[in-house]
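The two complexes that follow have chain A in common; it is paired with chain B in the first and with chain C in the second.
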Partner chain A sequence: MKSIFCFMLFLLGMTGLHAQTTLQVVTKSIQNKINADGLKKFSLLAEGADIELSGWNEKEIKITIQLITKNSSKETAVEDLKAMKVVQEKIGNTYFIRNYLAIQKGDSKPTSNFKAKYIIYLPKDLLLSVTNSFGDIRIKGIDANIQLNTKFCKTEIAASHSSLDLDMYFGEMDIQSQLREVKIKGDHARIIMGVHPGSLEARLTSGYFYCEPAASNQSFRIITDKGEVKLKPQNLGSFGYIVSSEHSDLNLPENFKADKKKKNYNINPDKTSKIIININYGILNIQ
Partner chain B sequence: MKKKDNTDALKNLPAHTPPETVWLAIEKTISEDRNLNRQLKKLKEYTPEENAWTSIESGLKTKRFTVSILYKWAIAASVAVFLLAGGWLFSLRNQQKGNLEAVIENYHSDTDDAFSTLEAFCVNQNIVCSEPRFTSLKSEYERLKKEELEVREKAGEFKSETDLLRKLNGIEEKKTDVLNQMANLI
Partner chain C sequence: MKILLTFLLFIQLTATAQDSTSISFSTEAVQEFKKQNLMDEYDRAFGGNRRVNNRIKVGLVDIAYERFPANLPYLSIEQKIGKKFSAMLGSIMVNRNHTAFPIGDLFKNGFSVEFSYDANLRYYFKSNEKLSGDYLSLEFKVLTRDFLSDGLIQHRNYRSYIGRHQTSVNLGKQFGSILDIGFQAGLKNVLKTKVTEEGFTYTHKKENIQFIPFIGTYSRIGIGANFPRTKKGKAESCDFLNCYNEFNNLFKINLSNSLYLDPYYGTVKFDLAYEKKLGPLPLSLEANLVASAFSEKKFKATGNYEDSEEFKGKFFTFYPEEERKNYLQLTSSLHLKYYFLQNRSILKGKSVSNLSGEYFGAFYTYKMGGENIYTDYSPYERFLKDALKSKSGLMLGIQKKILKNYFYDFGLKYDLTSKGSVFYKLSQEIKFGYAF
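What follows is the complex of A and B.
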């Protein structure tokens, strides 16, 4: 594998943040290019990172990483930055990147605020796996499968035709892409999907979920406990609807002949495309 | 005024009882009227059949009985309607109370774990966590927790489980939003 590795270290004393105390910001920057021949998967395991991932037609992966510490003491910020480590390695047909804090035995715990920033370009047909917490993630132009595991992250997926496997704890997700198969496990997640032509399988606890199912031969299955689900099918009549609920507030279209006391519905049973919803202690809106 | 005077005058008139001889004279005149006695003897006498009295008597009894039965049925029906309506309202109220209790028993907020995660982060990261914006959000979270507790205590006062659900979901959503804002500062 031919790779180019660039390592740059910038120590920047900045006074641009306005808090009660003036914070010193120290940044370390890492750049790398990897030949993607023979790779099938790209895996990023990050903490407190802002990540931008873009698919392109090149057969290489271009990575720019910034490691940032903020502290009222510049010396402390510089010292703490040394604890931020990045590992990059190829194992089999997968390329891994990981950032973490390495505290040596006997060292005092770092007191700085840590942040990592990734800007990555990768082949659009590479399988993508991203784990992150406390940060923003932007993904665009990916056509292969995306696996996302996020905690307290703001995520956007745009211009992608991939399938998605999402495990999300708190945070927000905005999907403005024509994705294929989507599987979601959401806990207090706020998920907004635009028009979705693929299939969907979602298990949700609390939170908010919005989706516009496109008229297709796909099926949607949503199981939710608490929280609110709002669906706006592009063509209401092209789906069959099987709704079963317990202690929930159902707001259904007029032609469903909804009755507030009724818990279960089977509308348009002859349709092959189904929207199946099982909701407990939640709010369901179908428009 | 004049009318009242007349009434008083009439009340004050003396009363007179005719002597017994007057009545005896009238009786004697009637008995001595031969023509009258002759005509009276010509009048036919009829004796009604025995069953006529029975029939009249039973007719009277039936009528009285019919009135009595209708009256009793009306009272019974009113009582039944009253009891059914009361029972229905009671069961409806009980069902609603049961639904509200079910919501409270089964609707658990899961945001405290997330809040603990953020607090754990603050053990080492006091730069962000001591910022006014962060502490303000923390206070807002505590306030929402109190509000949720109050809603749970007053759950029985909600009109329906839908109202209660909307309220609890609303608070959960606000708590989630506050925690997300706190996380964004990290």
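What follows is the complex of A and C.
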């Protein structure tokens, strides 16, 4: 019996091996170094890209771009690579990069899968604007304002002391930095912020939001529809809380003396630092 | 021209060079080759299933039924009714000083506006959910001349009739808030004009009112606001990339003011253009051929002037008989266009199509036939008659491809060859239509 079982496992394994496909991967690498003197902003407009952006103390931007096609046919992968274009240019005090897919009028669509990869080092005080879809974004060591517009992206921000302006449509965001002002517009976004000492203004539709508000003298405002919000203030008593809710589950700390039937709260009204939450059809947890 | 080309080359060569490029090959083993979804640039991944209840739109509309085919500003409001119908109210702004005002003439003669009004009841064949698609409509339009009081006509437009209002059945297609094109047929209620001893007159008396049939095409291009503003988009959750189209050549048919026919006045126009990108620069050459036929039944001019105390100055006199005049005109032109903001647009995420965007350049036009289309009834028309057969000059404009196969091209031209004031040298060109 045991041997039959082993034989079947072997057959399954063989079947699995036979089901594998070998893809031909063609990678075009482009490397640049740009003098950053006079530049104030760096703008990256990407599609289907994995992006790594790191701030450094040099006065130049080092760019490595990989344009990748994958296909079972090597010839097709090479041919399709021509459709993936990248343009970069300095206009005014902004350096722009964009990758996109373009075919000639009348040509059929490529059959390969496309991917772009960016590894970029730039001065940490440069304003940063990144737009991307279907990819991963990792940002670290940036101190200026970051503008992010993402669709279906997984994003991480680390070791940065910047302010953030985020527009996220489906995706995940993990912020492991203590940022300054943060503005968020999220739709089906899962956003996890650690300790956050700056101000926050978030408009969220569906999705999940976690934050640990810290320090005083800050403004926190969250407006959400159908979202789940979890807040863990470092010092619960240092904030005033204004909560307005409709059709929502509110899980508030015991000392708030929360009443299940009550929709609106104004707790610690004398505190200057306030957390204002407007929640409809959602779940609110304050711990 | 040499200076222009040198300048264009210089601009292009200032683009940043890449330091190093290499290509490498490798393999990757996967269980299954799952194909990425490539979205056509005109497909919508987000918010494509939006509902529209009403729409406010402004833009430019054909008025081929006037003696000078032109495009005039309009405003319209459309409201959904039930599941298939909509009601639309609109207004067209007409410059009384000159119907087909070239922009230079507008500056010179001033801008005195009057309005025509129209009401449409539309039936969308599929659904009115987006206020878009094929439709059949009943249109009632109040024409501007109806507001003139009885008496002598000061206006330059010495036609055999003055339109009061018209009713038509329209078969058309609405492309979102951008474009509306179609055919129409209907009846026009007009006041027949007369040449009497007093001069060129008309009255609102019953015996002067006639119904005349007409057919024509119409097109409106505009920008609009759809309501409600909230987009209820269904997400495209599979991995996709936008797949843009680059155009190195475009074959264009201008649909604006293509056809209008009634017993007194008619115009048919074929306006074809072929535009080709030149090399790697955002530069193109466009050849344009416009064949126009005009036919007009109007009072015969005596060729004499007569002083008029009432209106000051001299006016033409006419015989009371009408005559029909037919004209053919062929205009060929070449345009050299440099899309100076194209790189910037691409970098900022806008269109990547080559023949698209803001441009400046030069033009050369040669006109054959049709010298008498604009009879010498006014100083402006005399100017047109005397105008050079060939013209060349500079232009500034914007061309954009909209939807899948449509385009618009708005250009401002400055004629360097004609004599006269700057006002006569400045003219505008508005085209929109089908592009292959």
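Annotations
We take it that the second predicted complex is superposed on the first by the 267 of 287 C-alpha atoms of A that agree within 3 Å, B and C clash if a C-alpha of one lies under 4 Å from a C-alpha of the other, contacts with A are read in each partner's own complex, and residues count from 1 in each chain.
In this section, a residue touches a chain if its C-beta (ideal position, glycine included) is under 8 Å from a C-beta of that chain, and two chains touch if they have at least 3 such contacts.
Keep in mind that this is a model prediction, so the values were computed, not measured.
By the touch criterion defined above, A:Ile103 reaches chain C but does not reach chain B. Counted by residues of chain A touched, the larger count belongs to C, out of chain B and chain C.
In the superposed pair of complexes, A:Phe170 makes contact with chain B and with chain C alike.
When the two structures are aligned on the shared chain, A:Ile91 is found in touch with chain C, with no touch to chain B.
By the touch criterion defined above, A:Phe134 lies against chain B and chain C together after alignment on the C-alpha atoms of chain A. In the overlay built on the shared chain, the residue A:Asn113 is in contact with chain B and with chain C. Common to the chain B and chain C contact sets on chain A are residues 19-20, 23, 48, 70-72, 109-111, 113, 134, 151-152, 169-170, 188. Chain contact summary for the complex, chain B toward chain A: residues 99, 102-103, 106-107, 110-111, 114, 117, 121, 124-128, 130-132, 161-162, 165-166, 169, 172-173, 176, 179-180, 183-184, 186.
Across the complex, chain A meets chain C through its residues 16, 19-34, 43, 45, 47-48, 70-72, 74, 81, 83, 85, 87-91, 96-98, 100-105, 109-111, 113-114, 131, 133-134, 151-152, 169-170, 188. Interface residues of chain C, counted against chain A in their complex, comprise 15-16, 18-36, 38, 46, 235, 237, 239-249, 343-344, 346-349, 352.
Against chain B, in their complex, chain A makes its touches with residues 19-20, 23, 48, 70-72, 109-113, 134, 151-152, 154, 169-172, 187-188, 190, 205-208, 226-228, 247-249, 260, 280-283.
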